Amino acid sequence: MKGKQYEAAMAPMRAQLVAMARWARTTGQRIVVLFEGRDTAGKGGAIRAVSEKLNPRQCHIVALAKPTEAEQTQWYFQRYIQHLPSAGEIMLFDRSWYNRAGVEKVMGYADPAQVARFLDQVPTFEKMLVDDGILLFKYWLTTDQAQQEERLRERLDDPLKRWKLSPIDLAARDKYDSYTDAREAMLAATHSEWAPWTLVDFNDQKRGRLTLVRNLLERLPETHVAPPEIHFPELGREPRAERYSVLQPIESYPV
Amino acid sequence: MKGKQYEAAMAPMRAQLVAMARWARTTGQRIVVLFEGRDTAGKGGAIRAVSEKLNPRQCHIVALAKPTEAEQTQWYFQRYIQHLPSAGEIMLFDRSWYNRAGVEKVMGYADPAQVARFLDQVPTFEKMLVDDGILLFKYWLTTDQAQQEERLRERLDDPLKRWKLSPIDLAARDKYDSYTDAREAMLAATHSEWAPWTLVDFNDQKRGRLTLVRNLLERLPETHVAPPEIHFPELGREPRAERYSVLQPIESYPV
Amino acid sequence: MKGKQYEAAMAPMRAQLVAMARWARTTGQRIVVLFEGRDTAGKGGAIRAVSEKLNPRQCHIVALAKPTEAEQTQWYFQRYIQHLPSAGEIMLFDRSWYNRAGVEKVMGYADPAQVARFLDQVPTFEKMLVDDGILLFKYWLTTDQAQQEERLRERLDDPLKRWKLSPIDLAARDKYDSYTDAREAMLAATHSEWAPWTLVDFNDQKRGRLTLVRNLLERLPETHVAPPEIHFPELGREPRAERYSVLQPIESYPV
Amino acid sequence: MKGKQYEAAMAPMRAQLVAMARWARTTGQRIVVLFEGRDTAGKGGAIRAVSEKLNPRQCHIVALAKPTEAEQTQWYFQRYIQHLPSAGEIMLFDRSWYNRAGVEKVMGYADPAQVARFLDQVPTFEKMLVDDGILLFKYWLTTDQAQQEERLRERLDDPLKRWKLSPIDLAARDKYDSYTDAREAMLAATHSEWAPWTLVDFNDQKRGRLTLVRNLLERLPETHVAPPEIHFPELGREPRAERYSVLQPIESYPV
């Protein structure tokens, strides 16, 4: 998909995302969106597509570091639960509790009993959140390995993206099928009536973002809330200019 | 400044920001950047310019909500200190402890004694951080009121930006000079040898961002760290395709 | 019960509590004990009876303040979950999530729908903790109103206890039956196979403490872990005395 | 000192501590008490002497675990600052930031540059807290090695106290003088006008506790605040008895 076409399609949805945020703020809705998926699928870009026009004091990105030693011994969900939303908040999880059924399972960081317990608990856990009124959306971004290889190469070659290339990514190249199997097992266990999964094809990342955002917007209830009336009178005098006594601005970048 | 010119100038600096992040990660540097400034100056855009290519698990944006009742009675710096960096982290403060000497002073949320105590403590506080090895950068983004008025109008008229228009912004229109005075008093008290302020003219926001980022990069020590060698062999077989058994991806957005 | 008899009975159990703590530390067990009950029943004293000989870095008392405005809009369990134990920790909850089915219900701080949802969720929630390996003990301390009245009077008259007398306590005097009803409804909904309740008669507080501690100890699995061998050689020289150059100790309280 | 004498002396001071807490609550005072001292001196007992009659929702004991890896790279004071009080709170630190100048220095966990920076920063840091209105008390509990040896032996022999005997304690036996030197250097650097140290002789622990508490009480300003009038009418009917439908209390411990 071309950039121009993408822009034309995304523009009206940006306005709808902003409307969603106003609605959440006004009505006290709490929104959680999980972004999971194949490495290189484009989770970061999808999160940016949702968040870029929203108030960073309302819409938070949750990208947890690896657990501390103490956290590793706690109830698995504990450190995620700290980031569940208050009234009006939108929490975008860049990876989530599903780590346990994905990378942790495939790479052997969690043992089979831990994975089994996780898959057993997660529908119940999510039901509690949904019953509590949290709006929970779960997206899994898919990509064929041909695209994945291309993007890994790009990460290798592009200095801007090199940091994204981790040893785990490389190890994952030989485990594409294991990740597929893990995902399917995870879907079988956790695609519930109250918290269904949505798979989105990210072989074309721009289309993928449009698809995901459109889906999110369509699944929301009516979000129209008129913005508050604002009285914005004429200033009634010349606008002031900046005035400096202690320090001057540094020299501006040349045009 | 035109978008094309901006892109051409920003592109190499993006690579340097990524290099900065690698250096911080590798050497354990801790970086704090404060973004303060006139309402509508463009703090959000400047923060995005710094952060957009960095790892969100390394580079965090700190945008605190208003303090709780309990926090209001604590030592003023306490809730900010929780967000100071660990080794390798880059913390971008979207507003900061300087609220006390700006909006809180001008709008009367803090009384003169609190403001005076703040201005008295802040150089000492910052010296402790700098002596501890934290790299602290303090930017104040300036804008004449003519531009500010224009941007406020735009917030009023553009549904995407309407949420940025708060009652405080409107009240601030009549207080442009008070904000200037507050800033000058703040600079006089807190522009220190160890934690100097940098004023950046954001009448042109694109130029402002370039100016700010260039300044940040120039003030860093040598940040070159070679990225780790990565062995990336041929896959040696056909790449796999996605395979679905439980759920299919939803229909993609039409091209 | 007389103090002497109490001491004689408690002494060996203190040693067993210490053994329990060593076992928890050595084997990584996580222990949660909830102390609920009638106002004035003696929760504080019971908690002290369990904790007094234990390491305060291992055995923590969780006595949460009333929720902030933001917390009030979160998933109800969220602020409690932050205090669930890491490996080796013992968490004693001085009141707990059951507030919702007790004081919040009776005093009208939670509406019937919230209480119903709570009672519906709590067995599931607790099952997740227990399945995760947390040892969960739930005690409810009972007291007849005659004793309660006496203790309230004592709080009124004894300056050391006056702070314990809150307006809610006084309001509760007319609601003794409502609290009973609320407890019975709570027991009916949350006395589960995996997380049973234990009612302990605290009309005699000393007996109550002995009863509770004995029950806790009996329900633990074998906790014997030999303390590590410690080599404690003779000092081999005269022990040193304190030596002061900057400051002298203040004058000691006269014998 | 005999137990009877101790009780007689402590009783009126307990009432004064309760008065102090009421005063803090009513006037919004924030109180911080640091308990430092020789191993085995009796910090735990001194903390209990202060806290035992106070509301655990107001008076908190801060006994931090060893820092995580991330915390070790943060500004040293950061993890302590999270526990500074809100209005009305009393925070009792069981060890404190002074670890750096004591155990960390003597055992080599902190290097000389870190210790020097700490000693340099701490008076400034404490001045900020005191200027902010926090009431800061710093106690160092002293004990001759003869007593220390006796108490270590007791920890070895008494199963209730065995957990208190750590490898560090044993290593410290040969370092009594190093600890003395470290303390003296610490006092020289941090005994300030605004945050003075108080040394208390704990060779006799009961006397030590009385001495410490008396000193604390004497240094407070007038703390008298009349407790709120409470209207406590007759109940006007027979008091209710407990009534059980779901579960019966377990059998009480035999008298």
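Letters A, B, C and D mark the chains as written, and numbering starts fresh at 1 in each.
As a working rule, a residue touches a chain if its C-beta (ideal position, glycine included) is under 8 Å from a C-beta of that chain, and two chains touch if they have at least 3 such contacts.
Computed from a predicted structure; not experimentally measured.
Engineer: Touching both subunit B and subunit D, which chains are there?
Structural biologist: Where subunit B and subunit D share a partner, that partner set is A, C.
Engineer: Which chain has its C-alpha centroid at the greatest distance from the C-alpha centroid of subunit D?
Structural biologist: Ranked by distance of C-alpha centres from subunit D, the top chain is A.
Engineer: With chain centres taken as the means of their Cα atoms, state the distance from subunit A to subunit B in Å.
Structural biologist: One centre to the other, that is 21 Å.
Engineer: Please report how many Å separate the Cα centroid of subunit A from that of subunit D, as a whole number.
Structural biologist: 45
Engineer: When the centre of a chain is set as the mean of its C-alpha atoms, what distance in Å lies between subunit A and subunit C?
Structural biologist: It comes to 40 Å between the two C-alpha centres.
Engineer: Which residue numbers or ranges of subunit D touch two or more of the other chains?
Structural biologist: Only 65, 70 qualify.
Engineer: Considering the complex alone, what residue numbers of subunit B touch subunit A?
Structural biologist: Residue positions touching the partner: 1, 5, 9, 14-15, 18-19, 21-22, 25, 38, 44, 53-57, 61, 63-65, 94, 142-146, 148-149, 152-153, 156, 159-160, 162-165, 170, 173, 176-177, 180, 184, 187-188, 191, 197-201, 204, 207-208, 210-211, 214-215, 227, 230-232, 235, 239-253, 255.
Engineer: Residue numbers of subunit A touching subunit D in their complex, please.
Structural biologist: 65, 68-70
Engineer: For subunit D, which residues count as touching subunit B in their complex?
Structural biologist: Touch residues, subunit D against subunit B: 28, 30, 70-71, 73-78, 81-82, 84-88, 117, 120-121, 124-125, 127-129, 131-132, 134.
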